[in-house]
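Down below are the structures I want you to see.
Look at the two complexes coming up: chain A is in both, with chain B in one and chain C in the other.
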Partner chain A sequence: MSTLPHIHQDPSARSVRADNDPSTRVLEVANLRVVFEDETRTVTAVDGVSFSVHKGRTLAIVGESGSGKSVTSLAVMRLLPEHSARISGSVHFDGRQLLDETKSGMRSLRGNRMAMIFQEPMTSLNPSYTVGEQINEVILRHRDISKKEATQRGIDMLKLVRIPSPEARYSQFPHNLSGGMRQRVMIAMALACDPELLIADEPTTALDVTIQAQVLELMRDLQQKTGTAIVLITHDLGVVAESCDDVIVMYAGQVVEQCSVEDLFSFPQHPYTVGLLGSLPRLDEKRDQLVAITGTVPDMANLPSGCRFRARCPFSVAKCAEMPELMEVSAGHLSRCWRTPLQDLVP
Partner chain B sequence: MLTTSPTKPIGAPATNPVTNFFRSRLWRRLSRRKSALVGLVVVLFMMSIAVLAPLLAPYDPTAQTWTAVRKAPSMAHWFGTDEAGRDILSRIIWGARASLLAGLTSVGIAMAIGVPLGLAAGFLGGVIDGLISRFTDAMLACPFLILAIALAAFLGPSLTNAMLAIGITAMPLFIRLTRGQVLSIKAEDYVEAASAVGNPRWRIAVWHILPNILPQLMVQATLTIAAAIIAEASMSFLGLGLQPPAPSWGSMLNSAQRFLSNAPWMALWPGLSIFITVLSFNLLGDGLRDALDPRSR
Partner chain C sequence: MTPIVSAATTPIIEARGLGKSFVVKRSVFGKAQASVGAVDDISLSLMPGETLAIVGESGCGKSTLGRLLMRLIKPTAGQVLIDGLDVTNISHSAMRHQRRHVQLIFQDPYASLNPRMTIGQTIAEPLMLHDIVPANQRAKRVAELLEMVGLRPEQASRYPHEFSGGQRQRVVIARALASEPKAIICDEAVSALDVSIQAQVLNLLKSLQTQLGLAFVFISHDLGVVKHIADRVAVMYLGRVVEIGTSADIFAAPRHPYTQALLSAIPVAAPPSQQRPKAARLTGDLPSPLSPPEGCRLHTRCPYARPECKLVSMDLDIEANGHANACAFWRELPAQAAEIAREPRNPKLEQLFAAFEAMAATETAAKALQTVTKEG
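For the complex of A and B:
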């Protein structure tokens, strides 16, 4: 379908990691903590998360519901309610510390240089306005151009995300469009101002599988054209394998493993990642039964001491009562586990 | 990076707003409901009577004819005459002006104050919401008509003051409705998406939330017009509305009560007019509510 080279073609080129090259770094998050407080309890939803995203690359944030991946992205965009969420750490974007940015400073960045796509395309567009009016709004907010030019730009964007007959779709309402089509419109809106950073929060979760593949391929192609850095939040490891360069795995608000996509699938170094991979159906191995991770995610308001995965971990030992740091297993591959490397261990 | 050549003019609406309305889903759903259609037709009929009153009325509504006092309906006076020999048909036609004007204006006042307050309460929340909501609760604790009459008595008897009093009394209905609707729309994904593209808060409230609650406001407005017409008639009946000799359905009923046994037509026509107008607005309001109800789609 695509004439562009597949970005996963050459693993050796990809393994030359750009992590330490500040010139391509778009977003750098360091020691991000998000604490939600109300009268009755305090929940640390994100606990010391650090990562960076580079131009033209895609970082996946993987984790199950409640692991803090969406909260991380909302904190980066400063979209969390200010009266209930306390955010600390640092978020650097284009040399600016976003956590110290003014509200109007953030508004001029959002939708313009950092954009977001949400999970639910069916409800993320305003039912009262046409597709065109909504794209126009974003463009006119951030670009000093005439309405006519904005309209032209909007139709170009619809064309770019491969919506058939974009001129007609432009003046239609969201209820005239299918889910996949609406997610394309959301992508068009997000990319309308050529953002350096795109945060996609489960962009394909609500779509059916064939449309999922199309949307992911579209995002990949657009990234090739524009060089946008993408943060892809997902719980779907298939999506990660298909479209990402780097991965962080989150569990109970912490990063438990951070590595390249190849390393994640070939040498997973955290028992939780191993468990996630074990629960995937595969075509190349015969599995009688999918292996589920036993137990449940700990209560975020009442976390156990030590390693948070300890109670569910088949490898746990006495030392796990102490909280492990993120430790480097090999170059660029970090894991928060006392027992790494895991290769030779038997549960 | 992007090159296209549009083949036809873009952005321009395909048809004019009137044509668009008759093609809209609302119209299709409303027109399936016979009672709502009847309501709409009568409302439009009453409105045209009010607007065209100077052309339609056969006599001057205030001209007294002492030779034709309390005459029963006849070819000369279709609806009969009143105790001062004035033509009742002409007074009914001119009275439609006072009633509809009072209904529309007072609801306009109620919405102009109530909707922004409800929007502020629902959108901003916190202390502002607390203040506005308690104030609303306090006003709603008083019966509608009693509060309106008390206010009108305080302001002094005139049609303007009656409309003002009814408007202020109906305002909490709109505050409460707007607040509730804003709270539910505020949680929608597209409102979060709107802030994710850099919109300031006031724009999210006015441009993204308000249009989505207009249907509910429209239904409430239609039903409140009916209540306001009754309130205006009641106040005119009590002498707090439009002052005699200017014609109003309420004050016509007031003068008719003294002659109920020997000139019943004096009470019949204004009573019937109020009944039909209020019923029509209610039928239209109910029809709109059904047509806009997402569950019936």
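For the complex of A and C:
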């Protein structure tokens, strides 16, 4: 943590990287839309999503399968197939408009200034190269250093992610490592070039709880050291509560709630979030029945008009036939619902 | 042959000193050179109408135990009794007959359904195999079963790909119920589902249990789900049961360091300002089951390990109330002060939850009404 006085700067200025102001925006996404098209149907997987990520903070994107959270992150990284996905809106990273960036421009950013880790560490590592070769590849691609220095850097990274006997592990293959260790290797690789932004797509979903706790703790510690901004995509509200600062909740391609983690768990302001929280089996009480949200998510190719949660919402009224905007309920707490504030619905 | 005991006290499934090791390496002549002990000396019983949860991390042997309890695989040590009958060494045809009493549900509902059969045919298959319902009444029984799991009878002619994950799991449950079992073994049955759908399926399992008096063996890694559904819990680590007791005892006063660590590792969905301090974490990864550590198998990762731990046995120390655990030094461990987090909730938020409950209830009632009017 810097003790120097902070000077407020324009968030889009190029000096973001050197700046230590924690309120500086690293990534700014505005009105992002992703449309997949084929001969028979059109699916708007992401519909007008806006958010920003700040240096040293973690933003959680929560939602169930099919809510568009992974597509959002892939669109930001420009990893979606160009022939089938139409992307519009704007993605500002360090003053650059990523959606206009060339392919080689993106290649120089990915793995260097922005990195990504995925859910399944075995499928994201190449089984026929050693762990060391794969970390080296990232470092040598982006840094002008000798192979020997890169090897030293790679071993240092493995040490940083607390892999025991890093020198020995460096020359082993992915199949020699356990699931938790592979995910640590992925984190080491992602952080090898000190990126400003790390996008983690369900990084602990495939891991056991005790290993998940270790990996999340590691990510928090590393963030404190490096000040990396993290976007954590997850379906697990417990993970959000324990390791994130800000949160957006997605439903059927839209952001339905956006606020700080403290606000979300103190009092959610969108009925969908209320239902999600209620359907979590909790450790401190035993209910006879869990709160279940009735029905299923709408078909993305054939969306209902008006609020997309309307059919499953116990609070819906006639006005819900109109699509609500994302509206501010209290300072910094946004919800896409006509019936807010929800605490007024009950005595 | 069959021990004659009154029905109320006969466990539906009983395991006595059950063990299973798989050969992982053979010599050129087929002689076993290395084997992994997936399940080691486990004794437990499932009483009628109760839910026994088996929890543990991946690789602890919980799924192998589930398959042993149904005798889908043959144990290498010990015995399995289903409904009082020792099935350890009985013939295939006798086993097939006995298996009617115990059914199994897997994690991935799509993989457990035949994509070329309509769900009506799928559900009718056990009815035919065990000759439970005469052929001319099968369609009616299938319709009943579909309604029981919250699907519409007219959906019987559809194929699995036309259903969502939660609905497919309901179909699998309907098929399991078709043979009128006394127990169902659920192997991670809700793990692949989204939370809101998971809650629907858990509620369904619970209501089926009260309706039909089913017993469940619930294999899961998710302690929140286990807490919600289980009456008793067995915690496994590297093929051994390290702690077993009632759900209330395990969650309120976990004895074994492994159970304590497992409980404290669960992320709690509470505001950051109300998060509790964490209990001691386990260090490192699961050791290879090929060569489990000597003595207490947890000693390589245990925050309270001491040199003697390499020499102790892992026998269960049973307390007066039946709560048993395998830590030799559990009485000397630091007290786990009110480990379970309170998740204080706003009373207004609880009322909002109640609105969702009411909506689900009216929907169920409306469905029931629909069926009644249709039949009338």
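To be clear about the criterion, the second predicted complex is superposed on the first by the 318 of 347 C-alpha atoms of A that agree within 3 Å, B and C clash if a C-alpha of one lies under 4 Å from a C-alpha of the other, contacts with A are read in each partner's own complex, and residues count from 1 in each chain.
Simple rule for what comes next: a contact is a pair of C-beta atoms (placed from the backbone, for glycine too) under 8 Å apart; a residue touches a chain by one contact, two chains touch by 3 or more.
Because the structure is predicted, anything quoted here is derived from the model rather than measured.
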Under the superposition described at the top, does placing chain B and chain C together on chain A give a clash or a fit? fit
A:Gly111 in the overlay: touching chain B, chain C, both, or neither? Say first, second, both or neither. first
Under the stated touch criterion, which partner chain does A:Glu137 make contact with: chain B (first), chain C (second), both, or neither? first
Just chain B (first), just chain C (second), both, or neither: which does A:Val274 touch? second
Who contacts more of chain A, chain B or chain C? C
Contacts for A:Ser88 in the overlay, against chain B (first) and chain C (second): which applies, first, second, both or neither? neither
A:Ser305 in the overlay: touching chain B, chain C, both, or neither? Say first, second, both or neither. neither
Gap in Å between nearest CA atoms once chain C and chain B share a frame through chain A: 6
Chain B contacts chain A in the complex at 1-4, 6-8, 10-11, 13-14, 188-190, 192-200, 207-208, 211-212
Per the touch rule above, chain A residues touching chain B in the complex are 77, 79, 104, 106-112, 115-116, 118, 120, 123-129, 132, 137-138, 141-142, 147-148, 151-153, 155-157, 159-160, 167, 170-171, 186, 189, 225
Of chain C, residues touching chain A in the complex: 57-58, 164, 166, 194-200, 202-203, 206, 221-225, 227-228, 247, 251, 261-273, 275, 278, 281-282, 284-286, 340-343, 346, 348-349, 351-353, 355-360, 363
Touching residues of chain A toward chain C in the complex: what are they? 64-65, 164, 178-181, 208-214, 216-217, 235-243, 261-262, 264-268, 271, 274-284, 286-294, 296, 314-315, 342-343, 345-347
